[in-house]
Amino acid sequence: MTEVTTPAPSPVRASESLRSEVEAFLYLEARLLSTAQERLWYTQMLHPEIRYRVCSRQLRSSKSKRYDQPNEVFHFDDDINALDKRVDQIESGIQWRSDPPETLMYIVSNVEAFEDEQGGDVRVYSNVIMIRDRRVYESDQYHYRREDVMRRGDDGALRLLERNVVYGQRMVQGKNLLFFL
Amino acid sequence: MTEVTTPAPSPVRASESLRSEVEAFLYLEARLLSTAQERLWYTQMLHPEIRYRVCSRQLRSSKSKRYDQPNEVFHFDDDINALDKRVDQIESGIQWRSDPPETLMYIVSNVEAFEDEQGGDVRVYSNVIMIRDRRVYESDQYHYRREDVMRRGDDGALRLLERNVVYGQRMVQGKNLLFFL
Amino acid sequence: MTEVTTPAPSPVRASESLRSEVEAFLYLEARLLSTAQERLWYTQMLHPEIRYRVCSRQLRSSKSKRYDQPNEVFHFDDDINALDKRVDQIESGIQWRSDPPETLMYIVSNVEAFEDEQGGDVRVYSNVIMIRDRRVYESDQYHYRREDVMRRGDDGALRLLERNVVYGQRMVQGKNLLFFL
Amino acid sequence: MSKFETLVDMRNGTQQKSVFYDRDIYELELERIFARCWLFLTHESAIPNFGDFVTTKMGEDEVIVARQKDGSIKAFINSCQHRGTQVCPAEAGNAKGFVCSYHGWSYGIDGKLENMPFEKELYKCKVDKSKHGLVQARVESYHGFVYGCFDDDAPSLEDYLGEMKWYLDVWMDATGGVELIGPPSRSILNCNWKTPTENFAGDAYHVGWTHAAGLKVMPGPLSVLSGNAVLPPTGAGLQVTTRHGHGVGILYDAGPALMSDMIEEIFAWQARKKPVIEKKLGALRARFYGSHLNSSIFPNNSFLWGTNTFKMWAPRGPGQIEAFTWAIVEKDMPADLKEGITRVMHRTFGTAGMFEADDSDNMETMTHVNRGFVTRKGKMNSQMGLGGDRVDPDLPGVVGDSAIGETSYRGYYRFYQEILNAKTWDDVRANNADWFVPLLGEQTAEEARKAAAA
Amino acid sequence: MSKFETLVDMRNGTQQKSVFYDRDIYELELERIFARCWLFLTHESAIPNFGDFVTTKMGEDEVIVARQKDGSIKAFINSCQHRGTQVCPAEAGNAKGFVCSYHGWSYGIDGKLENMPFEKELYKCKVDKSKHGLVQARVESYHGFVYGCFDDDAPSLEDYLGEMKWYLDVWMDATGGVELIGPPSRSILNCNWKTPTENFAGDAYHVGWTHAAGLKVMPGPLSVLSGNAVLPPTGAGLQVTTRHGHGVGILYDAGPALMSDMIEEIFAWQARKKPVIEKKLGALRARFYGSHLNSSIFPNNSFLWGTNTFKMWAPRGPGQIEAFTWAIVEKDMPADLKEGITRVMHRTFGTAGMFEADDSDNMETMTHVNRGFVTRKGKMNSQMGLGGDRVDPDLPGVVGDSAIGETSYRGYYRFYQEILNAKTWDDVRANNADWFVPLLGEQTAEEARKAAAA
Amino acid sequence: MSKFETLVDMRNGTQQKSVFYDRDIYELELERIFARCWLFLTHESAIPNFGDFVTTKMGEDEVIVARQKDGSIKAFINSCQHRGTQVCPAEAGNAKGFVCSYHGWSYGIDGKLENMPFEKELYKCKVDKSKHGLVQARVESYHGFVYGCFDDDAPSLEDYLGEMKWYLDVWMDATGGVELIGPPSRSILNCNWKTPTENFAGDAYHVGWTHAAGLKVMPGPLSVLSGNAVLPPTGAGLQVTTRHGHGVGILYDAGPALMSDMIEEIFAWQARKKPVIEKKLGALRARFYGSHLNSSIFPNNSFLWGTNTFKMWAPRGPGQIEAFTWAIVEKDMPADLKEGITRVMHRTFGTAGMFEADDSDNMETMTHVNRGFVTRKGKMNSQMGLGGDRVDPDLPGVVGDSAIGETSYRGYYRFYQEILNAKTWDDVRANNADWFVPLLGEQTAEEARKAAAA
């Protein structure tokens, strides 16, 4: 997995107007995901070749190099079909946990955009706090950094091609990550 | 109450320059409210016909339609006069709870702006985390989504015409909402 | 200390393009500080005459004026040399507390920029939530307001000349402030 | 004698500060108070139709309150009899029954176990379904206000309310009936559950000082009280405490004084209705209709008649509560008057209420200073008016002749200690004849007995 | 008789709800269960080389598990013998030893105290270093699965696993060996540690209902169960409980049914390997290989064979756990099959798992409704199939003849009560001959004894 | 014998790990330590004028400390004698008195109850105002350092400080007096309150290792210690423990070694002043002036003279403290020197201090690993130098002849156990003659007694 939120090899900062477009994209995405419009998000914002990953890293000493077991666990490692099933589950009408409906709120911030080497793609950094309210008493807060890649479709609109979430809190305190980050 | 933070019927995304203006408006508002300048906020940023509402929704099954009691409780449902009294109270000098003064900090994010059907009005979505520090040990965090409507005054400056806050956390954990959201 | 996040005497709001530049500066700073690139931050973003201060205020009645002991304590009051030592410590390789490495995430929001009286300087307000994940179980959240002054170097790039952090939570609940705010 | 028997000095009107802090005391309260007393559940108007239900708390127990086919109301614990899972996550709705999300055991709207998936195929040992319904509480109503009780041995709701009914009837009944406007607001307060209850039961004393700012900026007949500038004159009001700790304070003629831009409209409404009430109840009680009443029903249910706020303070450990707030309106009010009252009530005593938040710091600090070991060894004082309480032939309960005093504090904590000490309700009933003695002192009590005999 | 001796009605399959809430019970669990039983530590494959280590939890004790020079594995408490500081903050690595960050005392990879800075110059009273090593736990492995135990008096790991070995061998051994893919995901769940354990031990009943949505949208052979549309037919499976509370449930031939886009590939893999296993173990047990097994090893270690998830539920007080999740793969699988299984396992039963999250609410509410005083006075039921359990000459343990039932619940809590009551392991051993009697009842047990004698 | 009597092995220098975790022990500490010992309140310089006050903590009790008209200082609990509300929410100020925000009872700057609103009109039973003042603590000062004590039976502050005065006088008095620069920084640390206290009392051992990074990058005379590269030579320092558990460690001539860019300026200042001190106190003690002293005053007050940091560690349950940090400066220093010291002190030992944060992990993990049941059954070791402690005719207290050792740990915990065991201060006083015996052992103690007699 790419080291998330470190500069890309040849980081050419995108124009402010592209950055604004990207930011608007992320705001719209957040709004769709927090207003039960996951299907619209799926249909209109995802690239068919999307790779959607959420990663935790095991805590290791930065000096110990002799230990060579994998250090990443992927909470999500989804393609477009797997994401489709996740949206299906939400829409199934028999997911007891989401009735009464949950309320999500995303704070998307620190949006930076870079031109990718591969012509036309945009590499996007952002930081997120998401708070999920459910039932009467549950409010769980999540925070993470994202490195996305966006690509324009034939219609010229940006679509999400890659999402890489670095989940820095080693033990997930919000008890599950069953939402789109 | 309008379903907050779902797109308006004919959502025409505002120009980036209007969106920036709106964002600056919200940042200024947040700064005034967190630096004891509530009166300035009241005088210079509110529209005289403002409707200021903060709403919690009772948790209901999304399937049960037979129950027809109201499902919303309004923590705020204020007009310009009611807001005036709230500012008066803060300025009274005898509100024991605000001495020593409280410290507020707003994170205003995900600002989106749309042209409203009614010519000239701007419909604005934003997400907020507000943290209130008071006394030595109290730090309460609040989070909510807002849907505002702004209208230009004769001087061309935007003023807040409608604020609709959806307060998603059913049981308010920060013990009161006695601040401007 | 300047009253942080109250308007400067003659507050001339900076152009949106300057504000965007400043915002990008703050986003880049946050990214460097959260990806173990403190030295790059130090070298490329700080002005050699920087004054870096973080202040807590003792809680006083707003009416009591007869008590004249100082009311501010400065957690940081650093010049460029002191900051250099702090970066040295991080890079020393023998700071046990930062191995395994910590993970920081900054939400930088409400960025406002004003032209300073002193020609060319930019006065910048911002609000921050920073979450530090470390060890398996520790996630500490910090929040504060900042008033910065930025000045262009000979190369035309902005550099941080003053950072003034008002730390509103009187008793620091995140147990230490040993990071760059 | 256990350390819990001397928390209250009934005669002298003092209480140990530890009652707001000690976890052992709290556990005893759950057992002897919340598992034995009548607790407010809902108003009938929130569940008018067969199948309507709300969920709420009885102490820390979660319960479902549901309208039955025959119009009666049942309440039962929201925990499956199989492995204990919550069977209803909604706050309100209309349902045929409740299906547990774990294995699908389903319960009727009466809480009875109706179906276990594949029961026939899988349960070899017959499980007696009739014994596995959700745990029921007793349910009784008074003028539409529904209360529940976990103790079969407790008196009826009417007996439990006792002398309070005479005061409640004025607004609950003689008005033609009231209802609560929901849903309630719900919010945390980091205080012991008794701190707001004692306050609503009998604290007119704090109004001028705690609410100085609110009174000052909200124009109305009570603004003059701001900052204790003046004292309500003699005869301005009354305090009453009763057999089971319920208390009420009356400030005559001040009814909607805090209702801001609704004051005039409400005064006008009351003026029109008052003659009807006077005809029903006579002048003495009709005066209560236009007055401001503050009150608590023991243990954790409070209201302000006049400011039209209705509260339930659900305990969450010794140092935290959940406050539920509804607006009270008269059934026959026009929709816009109901709406206006609701709007203004939340503006004053709701979660963002301009008066409500004034009280928070007091209640929270009086709870949490008791983290201090030496602090909590101290006592609290509620002696205002001690010596002046009396029994009045015209006014049920023990009466203090002043708008401001601590008669109801003393009465509240007298019963608090009594029921904490009681092994069963029989121990309480044994005191029925003489319950007021500690409040009045032997001598005054003797006179009271004679008067009663006469 | 202490109040802790009657938490479980072994014969009737019920348990006090307070076992999920009461802090005193929890403290006793730490002492009598977690300080005495074998607890899962790691799989050997995570620490293949000398100096490799992982850190984990044994109950609430933090331990380091390290590979020694001789290939053996040691485990010791992660707390310095000087002032108690944690000596290793990493989760895994390869080290020569552990240096305390406070004063620099250093310990070998075997936990022995090796060096105290300036010992010669500063320690006048000689500190016997051999007595100041990190506190050791016993460590034993079964087919590469490493367990630790703080009680020298406990039986060996093999004896502790007992009849379970016969079932474990199928996938742990006959397959040619398995390994766990780490690092584990780690997440909080606000439930008592027994709620997921009892579920994995013996809860096929909830699958169709709790996981209705997941089953519906993840196409596969079990989709038909969604919403309890159908019941697995008679003979579809089996339940087993054992001497020390471990339980396993078998759903025949359903192996990778939940593995989404990997189902076909896994079925194909299994089809190829099955003949080998059949040759080794015979048809009866070989069938287990392609089946779905749900299981818990007492007290807090669970797995699903088929869905290939391996779990450890570390307690954090009575109302919270930390869930550790690894993927199980067969050693001889190709890398991309291992990767695919890991990916899909996390998608179903990981922290963002589509099935895992369905269970959360059940487990959390069944824990926390017991804040209610009246609620927690109630009982939980696990009577499904009671009366039908039996001893089978071909199947170790006590067997329930159905894919769905609560045989393993009853067996789990039988041992739970037994070990809580036991002062030492000798008290447990004294029951070895007759442990199953409460599960079968005297009459059936008598038959079982006779059969065993015959 | 209660389980609390054997927490410490005084003779062998070990302590039960549970002293950092167990809530019952903590409750006993509140009663027997914090409600009986002298606790640091403030320096007089923070409240120079009549009416000046600060608020702080005594254990978990909140107190107000106020300058009186006659120049004396009073301290009283910040909880109203009416219903218990906090009467002063500010941290510092100048006031005529304190008005409770609830009902407006007002107290003088001396804590006496002065006014109850409408007392005459409303209080029929006369409340004796003289008995309803805020609860007072004893207050005594030593060279401007103000301490409070809730126990009338405790010795005077001077007697309580005992042998420590001889060491304190050097910097508190002979310098011409010092003051604290406030306001203090305040921050949470998730550790037991004894962990920083024992460290400051007697832990020179950790400096080279814990602070390796800080020492390395902050150039100064102690940089060589980084990573335990060298050991301070014999005779480099001294450790002392005293009657009531206070301890001090001295590193000769190292005074401002950690003061970064202020080192030279401070050395120059000290060089100029040293002759004056030598004249007053002689060479032996004058050397302390330019040395680095680490110290704790039992139970929870610490300082570093040289690094000029002054600390109070307020307990918040067994696993958390609030750290208060002030800078110490000499009164006659010029303003910019005071400012520089303050700036650099916070940079090293403040909330964002480069050394302070190094200690956090040690203190937090040594507290919280004890969640582990087996872990907390273990013991902590403080045996360094055991056997070498002695009584010295020239140095008050029990002395360890080395810059590095654990003499003060042993002395701190000896008194900790003594006062926990004591029913009253008389039990402590009964040990006055022989208190040092457990530290020295019978034989050495006998010599000490003889020497004292000679």
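Per-chain residue numbering starts at 1, and chain names A, B, C, D, E and F are given in the order in which the chains are listed.
Keep this in mind: contacts are C-beta pairs under 8 Å (C-beta built on N, C-alpha and C of every residue); 3 or more make two chains touch, one makes a residue touch a chain.
Bear in mind the structure is a predicted one, so any value in this text is a computation, not a measurement.
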Between chain B and chain F, the fewest touch steps amount to 1
What are the mutual neighbours of chain C and chain D in this structure? A, B, E, F
Given that chain D and chain E are copies of one sequence and touch, is their interface built from the same residue numbers on both sides (over half shared) or different ones? different
Distance from chain F to chain D - Cα centre to Cα centre, in angstrom: 48
Can you check how far apart chain A and chain C are, centre to centre, with Cα atoms defining each centre and the answer in Å? 28
Residues of chain B that touch two or more other chains: which are they? 59-61, 93, 96-97, 99-100, 107, 109, 129, 135-136, 170-171, 173
Would you mind listing the residues of chain F that make contact with two or more other chains? 89-91, 101, 186, 210, 361
Mind listing each pair of touching chains for me? A-B, A-C, A-D, A-E, B-C, B-D, B-F, C-E, C-F, D-E, D-F, E-F
Could you please specify the touching residues of chain D with respect to chain A in the complex? 89-91, 101, 186
Once bound in the complex, which stretches of chain C touch chain E? 96-97, 99-100, 135-136
Sort out for me which residues of chain C touch chain B in the complex. 3, 5-6, 13, 16, 19, 59-63, 107, 109-112, 125, 127, 129, 143-145, 166, 168-171, 173
Residue ranges of chain D touching chain E (in the complex, touch as defined): 30-31, 34-35, 58-62, 77-86, 89, 101-104, 117-118, 121-125, 127, 132, 135, 150
Given the complex with chain E, which residues does chain F contribute to the contact? 17, 20, 198, 203, 205-206, 208-210, 228, 231, 361-362, 365-366, 369-375, 378, 380-388, 402, 404-405
